[in-house]
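Same chain, two partners: subunit A is paired with subunit B first, then with subunit C.
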Partner chain A sequence: MVDTFILGKSELNIDAPEKIAGRAKYAIDMTLPGMLHARVLRSPRAHARILSIDTSAARAIPGVLAVITAQDMPHLEDFPGDRPTLALDRVCYIGDAVAAVAAETLELAEQALAAIKVEYEDLPAVFDPEVAMSETTPVIIHPSGKGPGGKVMGNNQAHWYGAADGDLDKGFAEADLIVENRFTTGMAQCTPMEPHVALADVDIYDNCAIYCNTQTPYLVKQRVAEILKVSPHKIRIIVPPHIGGGFGCKTRMKGEGIAAALSRAARKPVKLVYTREEVFADTTVKHPFVIYIKDGVKQDGTLVARSIRAILDAGAYTDGTVGGLVTRNAAYGAVGVYKVPNFKLDNFRVYTNKPVGGAFRGFGVAQTTWAVESQMDIIAEKLGMDPLELRLKNLLVDGDYNPEQYLMDAVGSYPTVQKAAELIEWGTPADAPISPTAKRAKGIAIGCKHFSIQTSSAAIKIHEDGSFEVRSSVTDIGQGSRTVMAQIVAEEFKVQMSQVRVIRVDTDVTPLDTGQSGSSTTVKAGHAVRLACKETKRQLFDRAASLLEAAAGDLDTAGGRVFVKGSPDRSIAIKDLFLKLPMGAPGYEYGPFLENYSELVGGAMFYPQNERGPKGEVLPKVGFSYCSQAVDLEVDVETGRIKIHKLVSILDPGKPMNDQMAIGQIEGGVGFGIGTGIFEEMSFRDGKPTNANLTDYRIPTALDVPNVDQLVFGQVETNFAYGPYGAKGIGEVVVCATAAAIANAIRSATGVRVLAMPLTQERVALAIAEYEASRA
Partner chain B sequence: MDYLRPQTVAEALAAIAQAGGTATVIAGGTDIIGDIKFRGLKPTALININRLEGLRYITEDASGLRIGALTNIQELVGNPIIAKSYTALGDAAERFASLQVRNLATVAGSLGRASPGGDMAPPLMALGASVIAVSPSGEREIDLADFFLGPRRTVLQPGELMREIRIPAPGPRSGSAYARLSYRDVLDLCIVGVASGIKLDAGNRVTSARLALGSVAPRPVRAANVEAFLLGKELTDEVIREAGNVSSQDANPITDQRASAEYRKQMMPVLTRRSLARARDAAQG
Partner chain C sequence: MTKAEVRATINGRERELRVDPWRTLLEMLRDDLELTGTKLGCEAGECGACTVLLDGKPVVSCVTLAADADGRTIETIEGISTPEHLHPLQDEFLKLSAFQCGYCAPGMIMSSKALLEHNPNPTEGEIRDAIAGNLCRCTAYVGIVKAIQNVAAEGVS
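Here is the complex of A and B:
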């Protein structure tokens, strides 16, 4: 970033003082007078018809003020319309919401749940997506969606996305070597530290305020309005400035609708806090994938053909538009890095009787990257090539069209992978392992994730003392967006950060935003705030122009003053643009205010144009960010335990908005990548979760991720002209390459190629034993 | 639910007797509270014994080590007597859950919960420990090898309380070690744990061997086949390797949410070898 006042610099995260002092307040800390406590009755059956629900005993308990079932809120999700907020006549997975209660205490709410009698009749269930989509599936969970050519797809197939380029048959015919593999990924949970919370307060006019920790306030506002069947203007979503993590599972409505319906039934505030088990089973999870990949290469390493068929395990329903988006976005993980002249991809999202797949940091791209970046090493080995050399030979560069017809721009794969290779000392063998039963080696992988370019708006108000207020509906789930928005305002008005306050999200006050997902926030909110600053400056300069006897276009501002460009002595303090009027008696005065009784506030909205391919194809506007990772690790060949000696993570952020916070994303991303890469996998027995708790679902602790000496990070900047001040979205790309880099190192160390992610020590140990047995 | 907090062993025994067999005794509470909050335990009375006088000590004399029932796990960590002569117990204490849990959880409580994967049982069994139980009718000593019946079940009778854990003095050329496997180094339950306690003669022949296995059976078990195999043999690397293989005959683990039976079976010989090798090094120390 050239010559900035404050942007790009490591300004203190404005959340930090409160968090460090333990004074940050979260939605879970909120209470309201007369508040009731909610609990949700959930299905113990994987797939069953509901024959009857008897709530009479629960309603009769003194202190239980509301009991609701689907009859009170039969509304389906908006798109594709497969998920009721409470089960209608059928439950489709263990954890499906059936009824909800609100009572004066949590204990009474628990009692009420136990008193609800539900009669079920079991239906056949299916848990494996490849079985579910086959002719021989034991059951159809929902009607199928539309596939290639607009035709209704086969059994249980909810979504399809396809992409193609060139002539696949011709490509494979030209190939000297064909490599085919089947990769899998496990189901994971975001496990934010703070569970989902909704505190709803519906008054007698059906005005509904909800305090919650959603990532998507405006989507929740819309959905709750549909559920209550009231105008959206009556719904007010308030999100405290602090949220205990999101990572995707707080996207779209979760408990807010149920809390609102209970509050309307009781006409009292109702607080619903998900238990950890509910967060696991009934928010949304990372889609498990089965990925078939077939590549054709020339002897010299040139990729000539690639076909991918990915099967996404959808779980029992669709989380609104997210299901289709993950199916679509998974393709980005297969097309962003390499030139492939002949290409075909088909992604199928398939229903099973399990928890619902939704948004999860990586958004489908982490899964396809795992397969592609493992596959590149497999090809290199078969060709006898260095895996880095094979990658470099096939990289897309600026000006290329990728296999989906995106014109590539600001491509960061080459500089990031080169830097990662340099810092891991690629080409020199790893040191000797520390443990006598271990083997040690290095691995490398390139991560590329699109960031979706969406819509956001912002308003900047200048107060009468010359300080600034930012109104935005961007929620800060830990990524630091509040700080970055304040930094942009400070940059534009050349003031200190302490002069800028970002108010909390409140949809009665803060303007439209599409939500914090898909690494979208920096770009869309960055633009929105930048444009809002421009509009606010215009108003400010108009107001100052006559007083300074200059044209508005000749004015600029810095340090709380407006001045004439080139004549800084012709200036006025911003606060002097506000008037004070005498009230009569001396010493009493009105104001300060503006003479037309308005606010000095400028608003703006940012929305992207679609992108066009070379033949006029309409493509959603996205950008690509890159993060290459290299690892030096040892594997205990007896136990399968992995010890990471060094992990290098090199990010292309375009231009970082806040250097230290970009580094924070790299550090956090490595922990997240290791978690989903080595440790975390939800397990089931006949559809029942067996590790839906933080004892048995193992997220890494601080001791299980590289420490400051073992983690080497860096940034290489690219010129992304479309980004605000050149910034790219970076929140997800930092997690994409980790698992493949580790798998590639394991292969180099032990000779064993593990095709299933996560690379748990059990999976690795069993694979090594099998490999050793086959060699004996 | 009644909640009682007696000050003496006599008061505690009286309170338990008065509750008529339905009382739940709690000390550190690190396990019981989880049962109450998440696993549906509804005790009619909760008797908190963590203030009983005189039950928190680690003392050694010629006969061996005595650990008071309310001694917490963290008190074992770094204790020089344990580190020197009862190494397996120190190994287990160091890796036990987390500092916060170790500061609350008691050694006796961990045994009383009879978790198949509890980390206190295998090392104490390998060291030949016994439990002193008190009841209104007197005291009795129970060999830890006979103590566990199954998950959450021990030979303790209603109305009995653990007062002390005793470990016989290991004597010269003895060594012990505990090897445990989990995914995380901390805050993670054991997948397979093997404790070895051995004595060697001047020719490095095994004169006594006690091995105990955790997380591979419904209760912590002694590895009788390994023990018989080792007795009288010179403890060479080759013998240790074979002893690992013999361990497969000593338990038939199951698949649960923490590991598959297959992985546990594969890890039993590995951890048996590792714990034996370290016990040998300690014995030869």
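Here is the complex of A and C:
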């Protein structure tokens, strides 16, 4: 980034000093006087009718102050209307919330749960989405949604998204080679280290304050208002401000509604902290996919046709708009990188009696990328081509239209994959494996993910000492969005970071934002803060103009002073714009003020539909960021164990807002990519989770990731005209390519192609054993 | 129910508490003493967010009974620095921006501190072994391992 004052530089995360000192306040640390503790009773049945719920014994326990069921809060999310907050008359998965209690201690709350008697009548259940959508399905979980042509779809099909380009039949007829495969992905959990927390306090007027760790404060505000049947203005969402990770599963309402309903019933503050088991099975999970892909290619490697049919395992419900969005957005993983003149895609999201699929870092794109980037290597091998060469031959470039008719711009696939190839020394064989029973090779894959260009607003206040306050409802789940917002204000007003304070999210004070999702924060909050700075400057210059005897349009600001452009000697300190009464005058003790403003604060809304690009054009709904990865690994042919010798990850961030934080996203993405690529898979027996804990569900430990000198991270910049200061959203693309790069290396090393992800030791070992047996 | 008496030195200060015999050390620290720097992540000893030092050794306080701390010395994240002076590990973690969400940081720092006190010159493998029980979901442990290496290279004060 050229000519910036502070943007793009590796400014220290403003929250880091508090965090390393153990002083940072998270929702889990919040308490209120007289606070009660909540627990939720969850279904032990995968699918059952509720015949009766008897809470009388629970209510009779001294110290139990509230017991609620759906009778007390018959709430059903308004869209698409399949998910109650507490089960109405039926439970649809093991973990479905049935009742909740609030008591003086957690021990009493647990006693109360044990005293609630629920009578169930089992219903048939279904756990495989391909069975659930078949004509012979044992059960209809919910009515189906609408599919192609606006027609109601087949059994249990919640959502459909389709895209098409060219003439598929013609494309396949032209092809010299047709390659068909079926890929699958496992169910994963975001696994933030801080569980979901909601501390709700409802007063006698039904004003409700909730301290929580949500990624979407304004959405929670609306949902809680529905549950309490009060105006949203009575609901106040406060993030304290630190959040111990999110990655998707803290979007939308989780425990906040239940905590609020309990607090209203007890008229006392109620704190609900999810157990780790609840985080696993009862928040939201990564949709497992089954992906059928059929490609037609010419002998020279030109892709001429591609058809994809993806089946998303929805679980028991739809997480509001998220279910439809994942169904739609998964398509981006199939269209962002390659030219395909004849194309068809159909994604179906199908109900099963399992935990609910929701937002998960990668948002469907990680799953489709797994299939597409594995498939590219399979095609290359069949054609006898180098897999990198096949990729380069088919890349979309700036000015191309992708198969969904998006005009491609700021395409980063070429520079990222070239750089990754260079750093892994592509074309040079891997060194010999270290273990005598292992085989070693390299693999490569391109990740491309959309980031949504969403709505956000911000306000910037200038205090009487000339310092700045940022008000935004963007939460910081660890990636550093609070720091980046402060950097933008420091950049715009040319002041040091120490002059800028970002207040905590508090919906009574901080303005509307659409939540931390879809890698949207940098772009939307960046624009909102930039626009708010512009408005604040306008007010500031209006006030300074008469004192400096200049037109407001001729003024600029830096270092806490306003000056006339071109005449820096004609200037005034910002603090001197505030009226300071003489010492001893009535009122002087209360500090400086503005005689005709309540405060000097400029607010702005970034509403993409209102904005125009550099040439006056309408803003696109999404942009694309890129992250290519290359790996050098050995795999033990006896145990299936993978050892990574080198992993290169190259990101296109547009122009990074904060260099070190962008690298932080690449690093975290690698950790996530390795975890979801090699280890992580939620497992079930008849719908019952069998590994809903951090021992059996293994996220990478320090022993499971490559050593520090084996990880190579880099960035190549592209020119993204619609980003604030050229920045793209980057939080998710970094996780997309890892699994395919690893699978491609395993194939090169062993001859075994694994089509199911994650590439667990067991799965790889079995695949190698089968392969060896078939060759014997 | 008879309460258990706990006399312990916590962050250099003698404390006397009476706790329920089933109360965990984590609950005693967070709820009774309001030392909330130590975090709760899993309540099963799996994630390491609640790591504190008991007689200099790292323990997961969520599965350690408070009563077992009787007569012993406990160190938490709040006890290793003053507002003016950070522990060298904290300085280095800060310099390298080793953490993101920071939720694992207190436990990670306590495990690292115990390692360096026991083994001032650990190999990378020994560092990874020592923090293998402290899960971090935001990073790939790069800055964390480097920070510990740097502090070891400089020598702990």
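Methods note: the second predicted complex is superposed on the first by the 753 of 776 C-alpha atoms of A that agree within 3 Å, B and C clash if a C-alpha of one lies under 4 Å from a C-alpha of the other, contacts with A are read in each partner's own complex, and residues count from 1 in each chain.
FYI, a contact is a pair of C-beta atoms (placed from the backbone, for glycine too) under 8 Å apart; a residue touches a chain by one contact, two chains touch by 3 or more.
None of the values given here were measured: they were computed from a predicted structure.
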(message) A:P700 in the overlay: touching subunit B, subunit C, both, or neither? Say first, second, both or neither.
(response) both
(request) Check whether subunit B or subunit C contacts more residues of subunit A in the superposed model. (result) C
(message) Which partner chains sit in contact with A:D15 here, subunit B, subunit C, both or neither? Use first/second/both/neither.
(response) second
(message) Let me test your reading of the model: by the given contact rule, A:G95 touches which partner, first (subunit B), second (subunit C), both or neither?
(response) neither
(request) Check whether A:G443 is in contact with subunit B, with subunit C, with both or with neither, and answer first, second, both or neither. (result) neither
(request) Please work out whether A:A769 is in contact with subunit B alone, subunit C alone, both, or neither, and reply first, second, both or neither. (result) first
(message) A:Q660 in the overlay: touching subunit B, subunit C, both, or neither? Say first, second, both or neither.
(response) second
(message) Applying the document's definition of touch, where does A:P195 land relative to subunit B and subunit C: first, second, both, or neither?
(response) second
(request) Mind working out whether A:G526 is in touch with subunit B, subunit C, both or neither, as first, second, both or neither? (result) neither
(message) Counting contacts the way the document defines them, which residues of subunit A are shared by the two interfaces, the one with subunit B and the one with subunit C?
(response) 693, 695, 700-701, 703
(message) Looking at the complex, which residues from subunit C come into contact with subunit A?
(response) 36-44, 46-47, 49, 76-78, 81, 86, 90, 93-94, 97, 99-106, 109, 124, 127-129, 131-146, 149
(message) Which stretch or stretches of subunit B touch subunit A in the complex?
(response) 38, 181, 183-189, 256-260, 262-263, 266-267, 270
(message) Touching residues of subunit A toward subunit B in the complex: what are they?
(response) 638-639, 679, 683, 690-691, 693, 695-696, 698, 700-701, 703-704, 760-762, 765-766, 769
(request) State the interface residues of subunit A toward subunit C in the complex, per the touch definition above. (result) 10, 12-13, 15-26, 28-29, 190-195, 242-245, 247, 273, 275-276, 477-480, 660-661, 664, 667-668, 670-672, 674, 693-695, 699-703, 705-708, 711
